[in-house]
Amino acid sequence: MPYVNIKITREGATAEQKQRLIEGATQLLVDVLGKNPATTVVVIDEVDTDNWGIGGIPVTQRRLQENP
Amino acid sequence: MPYVNIKITREGATAEQKQRLIEGATQLLVDVLGKNPATTVVVIDEVDTDNWGIGGIPVTQRRLQENP
Amino acid sequence: MPYVNIKITREGATAEQKQRLIEGATQLLVDVLGKNPATTVVVIDEVDTDNWGIGGIPVTQRRLQENP
Amino acid sequence: MPYVNIKITREGATAEQKQRLIEGATQLLVDVLGKNPATTVVVIDEVDTDNWGIGGIPVTQRRLQENP
Amino acid sequence: MPYVNIKITREGATAEQKQRLIEGATQLLVDVLGKNPATTVVVIDEVDTDNWGIGGIPVTQRRLQENP
Amino acid sequence: MPYVNIKITREGATAEQKQRLIEGATQLLVDVLGKNPATTVVVIDEVDTDNWGIGGIPVTQRRLQENP
């Protein structure tokens, strides 16, 4: 019955990678807490880099500094 | 003053259906708890089927199994 | 498969009222979008009135102004 | 280490405005609680006006009433 | 930089189990997307069984039906 | 109409500090986007340090390492 929400920046995660996140998060709840996978929900939010900040600046600018 | 967040898969909900969700959720808070509808907020998130998992697999694949 | 999160201030909602919120929100998704109730999740968060603000002031103070 | 989520309607906020939200929210946590900005995360969600309701009606309709 | 929120019912998860959820969710983001663990945040919400519904009924009642 | 959710670890924030967070976040939305403060909602979640992880370890342990 758990609900897992994974927020990542929108930077090209593939359907296959998102499938692995869903599988992995569901399995984690089974392994650690014995939860029922059938009712475990995983929702992935992909957030534009303009809309995600860390250290007070948007990721868009951070990426430019990393790869000038 | 309540805040309601409804997450559904993005599978063609119409503006009229989303309006009914907003009306219904607001009315529910009025009916059950006597909340003030004027400050009740409802936010609907529509999530791509690749980004929503249940039972460890993405809804995209679930839909293919249901309608092969 | 929807997920509904209802946030209200912690001001004495009873177990019976919360049950009605769960029933009502689940039924709303069935009625409007034909969703499967068996996998519809509703989570209610009760938030201390010190931790909820509207109009820039905490609800704790708002309640004092309403009932001085 | 705080996490701040700002939800607004999608009505043309610019990258520069979103940058100011990120800066301002991060600074607020530094000023009030002495939090470390380096690990403070701010995520902005822009929500379609059809998907945001207040007072039981979608913002799309509210805007039409305000600007008929 | 990802943010993971895990919501579970409050039914006695230990600090050690919650530590394993934090480790496992962080590692998942490293393994699948190559994310930096140092800025990966995991927040676990434990929700009272009265406040969590599935299939339209609170988990409190569901547990009674399972273990009458 | 914005909604702001601030998540912090539960480490003794006072009612006065939480009031300043509510004021500051509301004012930020007014200043940057011209939002109406009357319908701006701020919700603060205080999370136990066992339930918050960064860098793959719970904040509880991080605090012990910082202050052995």
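Letters A, B, C, D, E and F mark the chains in the order given here, with residues in each chain numbered from 1 onward.
As a working rule, contacts are C-beta pairs under 8 Å (C-beta built on N, C-alpha and C of every residue); 3 or more make two chains touch, one makes a residue touch a chain.
These numbers come from a predicted model, not from an experiment.
Least step count on the touch graph, chain E to chain F: 1.
Taking each chain's centre as the mean of its CA atoms, C is the chain most distant from chain A. Annotation: A-D is the more contact-rich of the chain pairs D-E and A-D, by number of C-beta pairs in contact. Repeating the E-F interface with over half of its contact pairs identical by residue number, the matching pair from B-C, B-D or A-E is B-D.
Superposition of chain D on chain F using C-alpha atoms only gives a rotation of 180 degrees, nearest 5.
Greatest Cα centroid separation from chain E: this falls to D.
Separating the centre of chain A from that of chain B, both taken as means of CA atoms, is a distance of 20 Å. With each centre defined as the average position of its C-alpha atoms, the distance from chain B to chain F rounds to 26 Å.
The residues of chain A that reach two or more other chains are 1, 3, 7, 21, 25, 39, 41, 43, 45, 52, 54, listed in rising order. Taken as a graph of touching chains, this assembly fits none of the simple shapes: it is neither a line, a ring, a star nor a complete graph.
Of all residues in chain D, those touching chain A in their complex are 15, 18-19, 21-23, 25-27, 37-46. Interface residues of chain A, counted against chain D in their complex, comprise 7, 45, 47, 50-58, 60-61.
Contacts from chain E toward chain D in the complex involve residues 1, 3, 39, 41, 43.
Chain E meets chain A in the complex at residues 1-9, 13, 17, 20-21, 24-25, 28-29, 31-33, 35, 39, 52, 54, 59.
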